[in-house]
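Here come two complexes built around chain A, the first alongside chain B, the second alongside chain C.
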Partner chain A sequence: MQAVMLRDVEVMRPRTLDEALRLLDRAHREGVRLRPMAGCTDVLVDAHFGKALPERFLDVWGLRKELGGLRWTEAGLVIGATCTYAEALETPKFVAELPALAKAASQVGARQIQARGTFAGNVENASPAADAAPMLLALDAQVKLASLQGVRTVPLLNYWSGYRQTVRRPDELITAIVVPAAALGSQGQWFRKVGTRAYQAITKVGLASRLQWQGGKLVDVRLAAISMAATPKRCATLETYLKGRELATIDAAELRHAQAVDLQPIDDVRSNATYRAEVFARLVEQALRETHLATAH
Partner chain B sequence: MNRPLSSNPTSRDLHRIDVDDSPVDASGVVGSRHGRIDSLELLTGVGKYTDDLTLPRMLHCKILRSPHAHARIVSIDSSAAEGLTGVHAVITGADMPVRYGVIPWTQDEYPLALGKVRYIGDAVAAVAAVSEEVAKAALALIAVKYEVLPAIIDPREALTRKDVLIHEDNKHGNISKQVTLAFGDVDAALAGAELVIESDYEFHGATHGAIEPHCAMGHVDGKGLLTVWSTTQVPHYLLRELGRVLDRPSHSIRVIQPPVGGAFGGKSEPFDLEFCVAKLADLTGRPVKCLYTREEVFFAHRGRHPFSMHYKTGFDREGRIVAVDGKSLLDGGAYSSFGLVTTYYSGQLLGSPYVFPAYRFDSTRVYTNKPCCGPKRGHGSVQPRFAIEVQLDKAATVLGIDPIELRRRNFIGENSQTIGGFHVGSSGFLQCLSEVERASGWRHKRGNLPKGRGLGIAGSTYISGTNYCIYPTELPQSAVQICLDRSGRVRVFVGTSEIGQGSNTVVATLAADELGVELDDVRVLAADSDLTPVDLGAYSSRGTLMAGNACLAATRELAAKLREVIAKTWDCPPGDVGLAHRKAFRHSDLTVWMPIQEAFILAESQLGTLGAVGSYKTPTENVHGDYRGGTIGASPAYSFTAHVAEVEVDEETGEVTVLSIWCAHDCGLALSPTLVEGQIEGSTYMGAAEALMEHHRVLPSGLRSDGQKRETGPGVDGLLAASSLLDYRMPTSMDVPDLIALIVERPDPRGPRGAKEAGEGPLHSSIPAIANAVYDAVGVRIDDLPITPEKVLAALKRKAEVG
Partner chain C sequence: MSADHPALDPREAARPRVRIRVTVNGTAREIDVAPMQRLLDVLRNDLHLTGTKEGCGEGECGACSVLLAGRPVNSCLVPAVHADGQEITTIEGLAQHGAMHAVQKAFVKAGSAQCGICTPGMVVTAAWLVDSHKGQAVPEPEIRAHLAGNLCRCTGYGQIVEAVVDALQQQATEG
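Our next item is the complex of A and B:
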């Protein structure tokens, strides 16, 4: 395994968002890969393990004035592209309105990683084992992309196009992740990661979900599976099966049957398919019980 | 009060160490609360580890490693690498065609592979260049042509496959070592037993995970003296092997071991990098340094051997063992390392703390195409200890006997002999059991814990060094040289290897205590073959007992001289003179005292320069068995341990959490109690990690470390599943349980002031205690380590199906 020599890598540090977009545009036109980076918590890992890296990086860490922070707007919560997990976790309103996302953020790597890692980076990294990104998926979050061509918004549901792939064009930059207003403070936000250890761990299987009960019935259900498919994945069949049901009418076998249509986990070095499938079903059951109990009070 | 004597004209202008006028404190430094003497230096970053060292014109070395688990080297073309600007030398196996190995009888490694590679990571060539980057670039230019051979990953396959030979010249195919020893009529005893427990156990591989990677620097000076600085824990063996491989007389080699950032057995033999830096320094005339990457540390390994064990244990109605029959298959990896010893230890170290009226063990170590296994904390005896302690737990369940009581009934006793003929001296095993029973609240908790929670017990023993050296010799195993003078300070020159365990502090504690100074007044200079006497190294938990005894021999000689001189001054018998805390005093009248510095000055002026040497040779009487192999594993003194673990099992996910773990350890006498507690904690955490998390796993085929499927067959087997600290699951501070360390003291007449080992014993029983607690919690036995959530969940499911 041949580690890349970082000294041979060119890093561009734009002073404004506009400059950043121009650099991306030029690189795109010249056919050069220019990879945006912020906290570098993924880039450096890739470099260490000798993964093929582009020759040029666009360091947007310096654009925190334009791309940083959390903003509450009518549309919802705008999480700036350079907003770190630590920054969000230090904001009481964030933790109060998005408790499960806060829990996910607090379980990313460890403190050092949380101080540098960003929500936007987590989304763009497109790992099936991500912590925060699946919870954002369960919250109906959207990705705001900017380029010289203009601005567009892509629902996270459509953002990951395959294993470690996104629909972002090479000339585009994520400027923010938006959590819609309806999701803020909504009931039934639930997250659990089963990792290989308490911290500094990669998820073996996990569930990020939002389960809304009304009159004892599940009226709204969003389940995002972690480490169960090539990307973080919403479970359409399982959600359809669960929607409108009362807790007592949810059958363990039927639940697993529906789940099997959505998810076909694999064996790998961290766990095996049998364990993943069974524990995911149990996480769903646990989420159902706990969110149901919370609304009953 | 007797004022300091200062009439000596030659010493009037000397700076004096302040001594207060408080009453004499006759209690010594031994047993007092103190930290390590080197901690401040290391914690403030002033202490220099090997990689902190640099010399003018120093070159950097990188090593090319095999991408194949098993292959013949057809050719190596290094011309392009040699032509790269900044490259000073490239060496291959042909440059050092001498086999080495820490055990003289089983030397089967070349510093760089010659003819064949035997695991992914085996060293093939080395480059010295002006920087690590240039050296790395040069590695990519070395063209090695391999003829890929089928690889053996499964140790069972090593036994059966005759067509694939990992070491062609080995007389016994792929068997590296086989030992069978039988004592008493095992079959008859089993046939007559009230209860026979028969089970299979799998103990997995685990690596040491020292934070400091291996590093070495070599330099040949103008007079031809080769100096090698290394992260080794065995400078003496390193020096011997450097001499053999490089064909250099040992007087032209100096080995220096700087402070080491953890070793745990993973640095207890020579490695490729030490030979490479020495050879490259010789060739280039410049200093050369090599630092392993973390991945290379995982390749170097020498970790815990995976064991497949089959145990039959017979019991009588009262739970007393009547016979033990254990069969083990040891997965040795590509080379021998300490494997001969491991194979013996797997049986020989099990003979206590319980009486085995009849005992047989049959252990076979095989070669496989994997990183080589060796000694890891608790060398060779952690695996069988797991098996026997779970066997005892199973028997206790069947017979309805409290598992602590069952262990008490089987205790071998003090001043006894194991069935293999090892002499057991002092033993605080019963006290250890009582301590963990009391502290854990065993009696009221056991059976009364909420669902999913349970308590487990296990016991163990370990050696305080081995009576016989790795190579036959009549020479002392350890020696110490001590000087003191008018400065009021003491200098200790000792060969022991400080690897974080506190060996320097242990000798300083004994020296300070015997000579009446404070710890701060003792300087320890260790592990430099030019300046210090020989010690065999930091392994087998031998340091405290052996270097400690050597240190006592030297300090007692000096203390006697001091007492004599002072006694003359005070006109009292020498036996009335005490030395403690910077004061010499009269036992019979504590108001009579003088600063110890004055005593040193007095003695120096009367006797001249004050120095003494001491050495330690192991006892020759009443130690071991009188049969082939009967000496291997025999120790002058044995430590004893008991653990109680309290676990919680999440039945939804199969995750096991150790809530608390209590460890009582009999270390003879705690010379430095805080250090003993540190060893109990470190050992127990390491054991808990092996029980639940860590796994040095080699993938047979079909899987890549990123989880993607791939082709199988020759040339693609043998990748490490986890060659980074991300995927190799060492626990973080968030994963470790509450730990209650309890010191039990049963002084042993063979230990210095009664001290025995503390560094390895407290690991053993943590693993079976956790396994037994899991059974108590949820009623399933996981006899196949590590106890992963996947296995627990599958076992719970099976249990639910069976009903």
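Our next item is the complex of A and C:
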């Protein structure tokens, strides 16, 4: 049955970005769902579980000349839409400037998934348990979208509109994820996921963060929670509580109180709300200690 | 690729319609595939290379691992069209001129297989690890990280890691 289903699926294989955008535009006007695909590490899992597939796929894997690779520009690091985790991890400058994103990328599935999975796919898949996408959020990354109507850039902060939902219009294609120059090589990048195993595990709870200390005070705070809400989520209340503080003045109870305003985790197949809330608070404490220590000398 | 593809007749849809050119274990092949057909099925059903196993079918277990463009991938998660123009190495392609790969010899020596379902994928990934670290010492945690995408429910991994360490040493001494 599965083989029949996959055989019935139509795949559009454009040769240029322009052609891809025309196909998306036409499908949108005709009311046909055209789902972009690249490494297929999510698409073919959906197919395996018999989830309803769209009538047609738009295969952008063949556009790697236009959409692939990493490019350092004045604006920052441009991660092409078809750039895989493996490609990034094999680039020493990427690992040096974005150590926590590299750590997240190295923990997506295992080597086989990293050879095929893309940063852009991770963002568009919009899973609350994503690895790379929350770290991109903590780095103030932006999503570049193209359509026949033009190009627009959406901060990742505004990109996920709900559980597994994004603001990408059906006629738009992600062309790149941009990590701003200010984030490259910045202090206090920190990532940890907690799962059943080190690899091939989906996150029960995790923290992607950027914590910048100056003169013993926390001057800049970005905390992105993983598997704690319907989407990867920045923690506004917690960030406000922490900003300007010295490590010694951070109170564990106050921290947990602020966290509870931002995050109301749920019980599900992978974990439960109590465990998630407690472990998340401890991840924040660990991130604070470790990034503080790293700047102390 | 055609932007004007007609509405699909089910019988039409069941027929392969994209020709791909691949080099499988050193031999150039041309195969007609349906675009979303899995590389795993093309290898097993069209090319009769049944050494590659299907385990979970969802990228968790690694039993279907093959090398695509020099990297291990889960062939259950690769549409066959993405192999077009690429080199593929399956378990059948590791032995050269009748001589087993260093990893295969080491697996035999260490007794690294029990039920055997994970073994072809495990060996392919291990061979990639050994071949891409020629003459280098690879710490055990790094070996385990490289093999983390290949699950084995029998051995507990001890003899597998032992075999990889042995194969790395053999490669180093043979130059």
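The definition used in the following text is that the second predicted complex is superposed on the first by the 293 of 297 C-alpha atoms of A that agree within 3 Å, B and C clash if a C-alpha of one lies under 4 Å from a C-alpha of the other, contacts with A are read in each partner's own complex, and residues count from 1 in each chain.
Quick note on the criterion: contacts are C-beta pairs under 8 Å (C-beta built on N, C-alpha and C of every residue); 3 or more make two chains touch, one makes a residue touch a chain.
On a predicted model such as this, the values are computed, not experimentally measured, just so you know.
Using the contact criterion defined above for the overlaid structures, shared-chain residue A:26 touches chain C, although it does not reach chain B. By the touch criterion defined above, A:270 reaches chain B but does not reach chain C.
Looking at the shared chain after the overlay, A:86 reaches chain C, while chain B stays out of its contact range. Contact with chain C, but none with chain B, is seen for A:113 once the two complexes are overlaid on the shared chain. Judged by the touch definition given at the top, the superposed model places A:278 against chain B, while chain C stays out of reach. Between chain B and chain C, it is C that contacts the larger number of residues in chain A. Contacts of A:202 after superposition on the shared chain: chain B is touched, whereas chain C is not.
In the superposed model, A:11 makes contact with chain C only, not with chain B.
In the superposed pair of complexes, A:61 makes contact with chain C only, with no contact to chain B.
Of the two partner chains, chain C is the only one touched by A:44; chain B is not. Chain A residues in contact with chain B (one complex) as well as with chain C (other complex) are 3, 7, 49, 110, 197-200.
The touching residues of chain C, counted against chain A in their complex, run 1, 3, 5, 8, 10, 13-14, 34-38, 41, 57-60, 62, 65, 68, 71-74, 76-79, 81-82, 125, 145-146, 148-151. Taken together, the chain A residues at the contact with chain C in this complex read 3-4, 6-15, 19, 22-23, 26, 37, 39-41, 44-45, 47-49, 57, 59, 61, 86, 106, 109-113, 115-116, 197-200. Those residues of chain B that touch chain A in the shared complex are 133, 136, 139-140, 293, 295, 652-655, 693, 697, 699, 703, 705-707, 721-722, 724, 726-727, 729, 731-732, 734-735, 789-790, 793-794, 797. Put simply, chain A touches chain B in their complex at residues 1-3, 5, 7, 49, 110, 194, 196-202, 204, 266-272, 274-275, 278-279, 282-283, 286.
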